[in-house]
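Remarks on the structure that follows.
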Amino acid sequence: MRANEGCVGSYGDDAMSQTLNARFSEVFGAEVRVFPIMTGTAANSLALSALVAPYGAVLCDQSAHISNDEGGAPEFFMHGAKLVTLPSADGRMIPEALRTGLRANAQGGILKPPIQALSLTQATEWGTVYALKDLAALCSIAHEHDIPVHLDGSRLSNAIAHLGCTPAEATWKTGVDVLSFGGTKCGAMAAEAVVFFVNDRTRPALKDFERRIKRSGHLWSKARFLSAQLLALLENDLWLKNSAHANAMAQRIVESLRRHAGAQLPFETQGNEVFVILPDRLVAELEAAGYAFYRWPTPEGVSGTLIRLVTSFYTREEDVEALLAEIAA
Amino acid sequence: MRANEGCVGSYGDDAMSQTLNARFSEVFGAEVRVFPIMTGTAANSLALSALVAPYGAVLCDQSAHISNDEGGAPEFFMHGAKLVTLPSADGRMIPEALRTGLRANAQGGILKPPIQALSLTQATEWGTVYALKDLAALCSIAHEHDIPVHLDGSRLSNAIAHLGCTPAEATWKTGVDVLSFGGTKCGAMAAEAVVFFVNDRTRPALKDFERRIKRSGHLWSKARFLSAQLLALLENDLWLKNSAHANAMAQRIVESLRRHAGAQLPFETQGNEVFVILPDRLVAELEAAGYAFYRWPTPEGVSGTLIRLVTSFYTREEDVEALLAEIAA
Amino acid sequence: MRANEGCVGSYGDDAMSQTLNARFSEVFGAEVRVFPIMTGTAANSLALSALVAPYGAVLCDQSAHISNDEGGAPEFFMHGAKLVTLPSADGRMIPEALRTGLRANAQGGILKPPIQALSLTQATEWGTVYALKDLAALCSIAHEHDIPVHLDGSRLSNAIAHLGCTPAEATWKTGVDVLSFGGTKCGAMAAEAVVFFVNDRTRPALKDFERRIKRSGHLWSKARFLSAQLLALLENDLWLKNSAHANAMAQRIVESLRRHAGAQLPFETQGNEVFVILPDRLVAELEAAGYAFYRWPTPEGVSGTLIRLVTSFYTREEDVEALLAEIAA
Amino acid sequence: MRANEGCVGSYGDDAMSQTLNARFSEVFGAEVRVFPIMTGTAANSLALSALVAPYGAVLCDQSAHISNDEGGAPEFFMHGAKLVTLPSADGRMIPEALRTGLRANAQGGILKPPIQALSLTQATEWGTVYALKDLAALCSIAHEHDIPVHLDGSRLSNAIAHLGCTPAEATWKTGVDVLSFGGTKCGAMAAEAVVFFVNDRTRPALKDFERRIKRSGHLWSKARFLSAQLLALLENDLWLKNSAHANAMAQRIVESLRRHAGAQLPFETQGNEVFVILPDRLVAELEAAGYAFYRWPTPEGVSGTLIRLVTSFYTREEDVEALLAEIAA
C-alpha cells in the first residue's frame, strides 16, 4: 500500500527501487547489484544468459529445475545454449562427477558446446541442503576452470534457515557468483531477484544486464511494486523467519512419517520439502478424504506412490497435524 | 487484498483466474481466450511469436512501439523474425502503403522473410486514433492475404473512450484477431493480457500459447494477483472511465496550447498524448521551474523542442492547470 | 566437370538440380522432395527445425550425433528446442525406453518441452545396425503419438549394404518420415541431402523448407555443383557399392581382431566402424609406428584404450592388412 | 583435381587449408585469420554474429544485401539482433547520416538495441564504389564510437579492380575490421571467406569463431575442397583479373546505353552491375527475343522498366555485343 502512494519515476527511478542495491549489499555483506524479476524461471534464465554464449553450455545436476521444470526457458534465453546434466543420488552434485564432466566436455573440442557456467541449487530439488564445505568444493573446481557459479536460490532461505549460517556464508563466501534470490516461495506475491556479487567473473555479465531484462519483457514500468516486496521480505529477516517456519513444519511431518511402518523417505528432509513413498492404498484413501498430491515417478523396484509434501510460510500446524493424524489412522 | 485470502491453486487454478475467459468474452461480446501478462512488451512479443515463424516477418508502422521501444523483444520472442516498417504521417498506416509493402515482400520471394502478421497500434504512438473504417480497411487487406491482425492495445481504452464505440467494435468487428490488452497505463500495478478472438486465423496460435508464456518466464505461480488486477479494471468499466479522464486532461492541455502563439501541435491529440513543439527557451524555463519532459527529435526544418505530455487516470486537473498557467505566463 | 559446362540458371534452376526429385523418388520408390545440403550437421539440424517448434523437443539416443557431436547446431537451428536423450547399450534405442520417455515427457505437462520428433540413427554411432523390424517398432510408437520420425542417415548406405534391403525398405516402408541422406562419407566432396517422404506428417515441414535453407546460408547459387555429386553417387548404385566395400574392410578388421587375445570388441561391427579396446602398450607401439587413432573414453572397470577404426570407399585392402599385421606382430 | 589426391586430415588439417592464413596475410599485407565459408549469406551472418550480442544491432545502408536479400539470415545467426538501416541515394552511406543514426540510437537508451557493428558494402548493391576516403570517413566515425566495421565484400574484387588500389588499401588501411571475402562471383564453385584483420576490435570475435561455424553446419569435413578454390583465385591475381574483365564488360554496356535515347542510367556503373531503365516495349521485345531480366521496382514518377545487367568472369564480349545490337536495333 505504501508503494502505491504518490507519483514517482518509472523503470526503477523511485525511492524504493533505488535502495535495493544498498539493502541487499548490507544483507549479504558484499557489494552486489540486484535486479528484481517476477518469476524464478526468468531469474534463472536471465542470469545464465548473461554468463553463457549462445554456442556454450551450462553444467547442472540432473534434478535441476532449469533442466526439468522450466519449459525450456533457459534454452530460450540463452539462444540455444545447452544444459549438460550430471547424475547424483539426492540432487547434490558430486565434486568428482563435476571434474569428470568438465574433462569430457573439454575433450569434445569443437564438437561440444563449451561449459561456461556451473549452476547449483540450494536447497536442492529433492529437499536436501549442501553443506557449505561441499558447495565450496564445487565452486572451487568451477573457478579453477574459469567458470562462474550460478546458484538457483529459489529455496535459499530454507537452506540458510537449516544451516544457521549468514547469507554471506551461504553465497559469495562459498564461491557463488550470481544468485537467483527467491522471494515468492517465502512470502512475496511475485518477487525474485538476480543478485550479482561484483567480481571479475560477473563484471562482463553485469554490462547490459538491464537490456536483457527489457528484451525479455521483464522490466516493470511501475518497478516500485516489485521492489516493495523484496524490501518487505528483508525487513527483520522476514524471509528467513518464514522459511524457518516452513522447515519446522516439514520436520514435524518427517518425524511422524519416520514412525509410520508403511512410509519410506528416500531423501533427507533439510528444507521445506518432504518426499515420501506411501502405500498406494493409503494415498488413495487420503485422496478420497480430500487431499491432493503431486506424484513423482516411483523409483524402479519400489512399491508404493512417491509424493511430495511442500510446506510454506503459510502452512498451519493444525493442518499438518490433521494430515498426520489421517495417515496414522 | 481479496486475492490474498485463503489458499488456492497455482498457475491459474484459482477462482479469479478461471473467470477471465468468461469475463473478457462478455466485455468483448465474442469468444475469447485471455492470457494475463505483466508487461506490454511481453504481451506484444508473445502474441506475435505465436503468429509468425522464426523465418517470417511482421508488417507495422514505422512509429510502432514494437519496432522502436521494446529493446528488441519482438525479435527475441520471434527468434529473429523481422519487423518490416511502413512510413506514415501520424502513426496511422495508409492502406495503399500496406498493399505496396505486401507486394514488395512477395516479389522478394525466398530472399525476403514472408509477412505473416500485421501489427497495428490503437491509439497510435503519436496519440492519434484510427477511425474504425480505416482500421477495417487495413484488416481487410491483411485478411485477403491470409495474414492475421495483431493490435497493440496498450492505449486501446483511450481509443475506445475517444471513439465512443464498444470494445467489440474496436476490435474483432473491425477485423482484429489478437489484442494486446493494456491494463497498466489505465490503472493496474502491472497487468496486460493477450486476448485471442477465437477464429481460424488464431486457432493455430492458441495451441501451446501457455507453453510460450512459461518458456519466457512470464507464468506467475500466484496467478490470482495478476487476474485480480484485470478483473478490477473491467468492473464497472473502470478501464474506460480512467481513460476518459486521461483523454479529457489531454484535451484540456491541447485547447490551451492551441491558443499559445509559440506552440505547434504536429499531431491531432485524440487519446492521452500531447506532442507539442515549444520554443527552446520556454522549455528551459519550465525545466528550471521543476518540470521534466521527455524530448523527441524535432522534425527537420522546425525550430523549438518537441516534447510529449502524457496524461493518465492519475493526472489531476489542478496539476494540468498549473502547468498551463506556467506556460501562459 | 560436366556440371561446369555452359551457363545455367542459379539456385537450383539448372538441368541437374531439376532431376533430383525424380531421381531420388525412383531410387526410394516413393514420392520424395530432396534438398541438397553440404554438411550432415546442417542436414540434421534443418530437418529437425522443420518438425519441431522452438518450445518443443526431440527424442534421441544418448549416443546420437545430434546430441554429442554437432556443436549445438540442432539447438541453434531449432531456436533452443531441447534434445531429450534415452540410454541404450549399443546406440540402438529400445522400444520400451521410448514408451517410458514419451510418458515421462507428457506427465511433465507445461513444464517440459513437448516431444515433437523422434530422431534415430542408422547405422548407429557405435557401428551397429537396427534390424528393420526393430526400427519399425520404434517408428510405430512415434506415429501412435503423432510424432514424425527423422533418420540420421549419415551412414545409411552402410546399413543398407549390411541389411541387403532396398532403400525403400530401409526408410519409409519402415516408418521413416524425413531422412538425412549421407553422401560425403560414401564418396562425395561435400554433399548430403534432406529427403522428405511426402505424407501428412511431413507436409507442414515441407512448406517453406527452402526458406530455412536460405536463412541458414545453406543455399548454393551454383547449385548444380551440389546436385552433380548426389547424382553421381546414385548412378549405378555407386553409394551402395562404395559402402559395401567399406563394410567389407571393417569386417576384415573385426575377423582379425577377434583372434587377437588382447583385443575386446564392445559392439557388433555391422557397418564401417570398428570399436576396439586394445592394451595401452599396443596402442602406444602402433602410434610409434606412425598410426594415429581417435580415442574414446574407456568404459569404467575396463583396462586398455578404446579406439575407433573407420573404413571408407577409399580404404585399401593392403593398408588394412598392414595394420592387422602390425597388431599381430 | 589436385585437392582430391591422397588421404589427408579433415576439418582443415590438410596442407592446403593450413596455408590459408599465410596466403591471405600476404595478399592483404597484414596479419589476418581466414575462415572459408561456402556462401556469402553465411559469411556475412557469421561475421556479424561474432561482433554483435543478441540484444544488439548492426547499422547498414537501406540497400544492404544483409537487410534485403538474405532471407533473414543475419537475424538468425545473431539470434534476433536488429538491422538498423540508413537511407542513401546510391547505396553509399553518407557520413552525416551515420552520425545521426548513432546519435538517435544512443538517445533511445535501453529501449533501442545498441549499435555494435557497422556493415558496409563495397562495391555497393547499386553497382557503385566508395572512394577510399569516403569509406575511411565512415570507418573512422564507427571507431570513434568503439564500433567495429564489417565489409560485405561479395564484390570487393570488382571494387579493387575499379579503384586500382591494393587489397590492403581497400580494407584494413581504410578501417575495415572484418571482411566477407567474395569468391563465388569472381570464379569459385562456392567459396567465400570471413577474413579478420587482427586487432583489438576483432580479437574478441575471433575467440570461438570456429565454434560458430560448426554450430551453423558450415564446417566442411573435407575442407581442402573449399581451400583449394580460394587459393586458386588468389594465384596470379585471378580474382582481380576475372573482376577486371567483368567490369570492362559492364563499361562496354554502359557506354552503349548512354548513347541510347530511351535508356536512363540511375546509378554510376563502377563495378559489374548496370542498372538501366528501358522503355517497357523494348524490354518486352528483348524478352520475346529470348533474353531474361531481373526486374527492380521502378522509382516513382519514372516510366519504363528498371532492369539489372550483371557481368562476370564468364561474360563473353560477343554476347554483350549481341545484346547491345539487339537494343540498338
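All chains are identified by letter, namely A, B, C and D, in their written order; residue positions are counted from 1 within each chain.
Simple rule for what comes next: contacts are C-beta pairs under 8 Å (C-beta built on N, C-alpha and C of every residue); 3 or more make two chains touch, one makes a residue touch a chain.
The UniProt protein names, listed by chain, are A, B, C, D = L-threonine aldolase.
A quick note: this is a predicted structure, and the numbers were derived from the prediction, not measured.
Chains that touch both chain B and chain D are the following: A, C.
Annotation: C-D is the more contact-rich of the chain pairs B-C and C-D, by number of C-beta pairs in contact. Looking at which positions face the partner, chain A and chain D present mostly the same ones, since more than half of the interface numbers are shared.
The geometric centre of chain C is 35 Å away from that of chain D, both derived from CA atoms.
In whole angstrom, the spacing between the mean C-alpha positions of chain B and chain C is 49. Counting only residues that touch two or more partner chains, chain A has 54-55, 70-72, 76, 79-80, 110-111, 113, 211, 214-215, 219. Residue ranges on chain D touching chain C, taken from their complex, read 4, 7, 37-39, 41-43, 45-46, 70-73, 76-77, 184, 189-190, 211, 214-222, 225-226, 314. Partner chain C is touched in their complex by these residues of chain B: 11, 53-55, 79-80, 110-111, 113-114, 208, 210-212, 214-215, 219.
Those residues of chain D lying in contact with chain B across their complex are 54-55, 57, 68-72, 75-76, 78-82, 104, 107-108, 110-113, 297.
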